[in-house]
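Chain IDs A, B, C and D follow the sequence of writing; residue 1 opens each chain.
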Amino acid sequence: MVESIPLATATQLIEAAEQKADEIDNPMVITVANSEGNLIAQHRMDGAWLASVNISKNKAYTSAALDMPTHDLAEASEPGNSLYGLDTRDEGRMVVFGGGYPLEADGEIVGTIGVSGGEVSQDREVAEAGVDKWNQLVEDGAVDVRHD
Amino acid sequence: MVESIPLATATQLIEAAEQKADEIDNPMVITVANSEGNLIAQHRMDGAWLASVNISKNKAYTSAALDMPTHDLAEASEPGNSLYGLDTRDEGRMVVFGGGYPLEADGEIVGTIGVSGGEVSQDREVAEAGVDKWNQLVEDGAVDVRHD
Amino acid sequence: MVESIPLATATQLIEAAEQKADEIDNPMVITVANSEGNLIAQHRMDGAWLASVNISKNKAYTSAALDMPTHDLAEASEPGNSLYGLDTRDEGRMVVFGGGYPLEADGEIVGTIGVSGGEVSQDREVAEAGVDKWNQLVEDGAVDVRHD
Amino acid sequence: MVESIPLATATQLIEAAEQKADEIDNPMVITVANSEGNLIAQHRMDGAWLASVNISKNKAYTSAALDMPTHDLAEASEPGNSLYGLDTRDEGRMVVFGGGYPLEADGEIVGTIGVSGGEVSQDREVAEAGVDKWNQLVEDGAVDVRHD
């Protein structure tokens, strides 16, 4: 059994992120994944980098695979630190810079969002717009977590 | 610079395909790609097979990589025929059964659609709903091919 | 030590193949590799299939890796025959349909040519134009095999 | 349909780069790719490193995937900086040292060039000879961007 987000909710999060990306005028690739890191929906905004297709998907994967935001992994992965080399593990899917976030409901991670397309600070800002939308939907009781 | 389908158009094609998938009551994964086979948008409908995430993407890729629908490849790839072994070429991305289609405008392939999630006949029916929507948009002059 | 073909000779073979591809009006991707299957030169003719970039390279690789033309592998790779499954070996680089040929001098394989872009019969015709050019250069004493 | 550089133009850029490589007496591998990072032509000069076949191709890919020269990526990818770990992303195709450059026409990226085979400063010098040739052809109105 996997906790997952309905596609209709995933596209709402993506729309919220796209709106933020338009505001900061930087096209992004946005991925929403389930709690096992598998894709629910991915959109490449017009003009977004090709490399971001892979990176946004893997930010979502990494957040699911390690149950944490990807920006928490950067320092630990540096030379001399405990997880040095993490970025090359798991078939190259680990992303250790910011832009991947878990999506939680009732204290459980039920999905993740990953954004790529600009400076890391921009990626985070856009991803957080998606996370904010998610949290608002949870608060409003509008989220119907799937148990596949 | 790539001729491509705008994201807003890609999601319209996906919606048309999702509607058909709902009609036949079989959740699908639907991918729209550009003319070089790279992803523009992908949606996994609730309950669709996990394997279909990969397969729908690669049907879209294959249609772009060989400029033809994927169902045209099946017979040639059979043992004894000229392209036996094609199904395992190109890093395992070639899909030789139906569900991937080129999207054309003015006689040029500007993108592709790939659908997976059911019997091949169902995949084709759903993908063709996306192709029909595309052709209707082209006829209506509502298609604005991107030059990235 | 690797027996290899000079780049200047490799581009002559590619030109001969391109001329044949133009004659039959089918754009091709043409690769010349050394006796270890590593690339010397590759050209994607205007309009040639994307998938052919990978396939032509791997036809050249396969010919070098097994010291024979790729069309000799089809029958043996069929279900029930001795090499069934060969097409998926060696990291997916084995191509078991025609279009890859060894290039020989003094009874030694010193390189290979791989062509992809049309029907297998067309691929073979174009590759053979490259092989013919090679044999003519060898006969003329115009080939200076490299020993890297 | 992709905006791309004709093969005949790509080989002119490669010749210009090869001439520079001969001048500095360092054999190189030179790749020209389209705007989605897919290969148009690749030449391995006699005596050039085997590893450079992969690296030159991926420098061209990286420039296309992130719309910038590869030398712009080095600093951001260092430990402690925002894109630490970028070098291992995207199936290992990201190259974060110099030698990959976009090729532009009318403000659009229509292709890229990637060079590998020596010190990074040499790779850049040789790649820039290809870029200079491109810019001269654009200025002369001798560039005919393809619409595949």
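By definition in this document, a residue touches a chain if its C-beta (ideal position, glycine included) is under 8 Å from a C-beta of that chain, and two chains touch if they have at least 3 such contacts.
Quick caveat: nothing in here was measured; it's all calculated off a predicted structure.
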{"item": "Between chain D and chain C, distance of the C-alpha-averaged centres to the nearest whole Å", "value": "25"}
{"item": "Cα-centroid distance, chain B relative to chain D, in whole angstrom", "value": "31"}
{"item": "Of all residues in chain A, the ones touching two or more other chains", "value": "50"}
{"item": "Pairwise touch network: line, ring, star, complete, or other", "value": "other"}
{"item": "Touching pairs among all chains present in the structure", "value": "A-B, A-D, B-C, B-D, C-D"}
{"item": "Interface residues, chain A side, partner chain D - complex", "value": "49-51, 54-55, 58, 74, 77-79, 87-88, 92, 94-98, 119-121"}
{"item": "Chain D - residues contacting chain B, complex", "value": "1-3, 34-36, 38, 108-110, 145, 147-148"}
{"item": "Chain D partner contacts - residues on chain C that touch it in the complex", "value": "4, 6-7, 11, 38-47, 50, 53, 146, 148"}
{"item": "Complex interface listing, chain D residues touching chain A", "value": "36-37, 62, 64-67, 79-80, 82-86, 88-92, 94"}
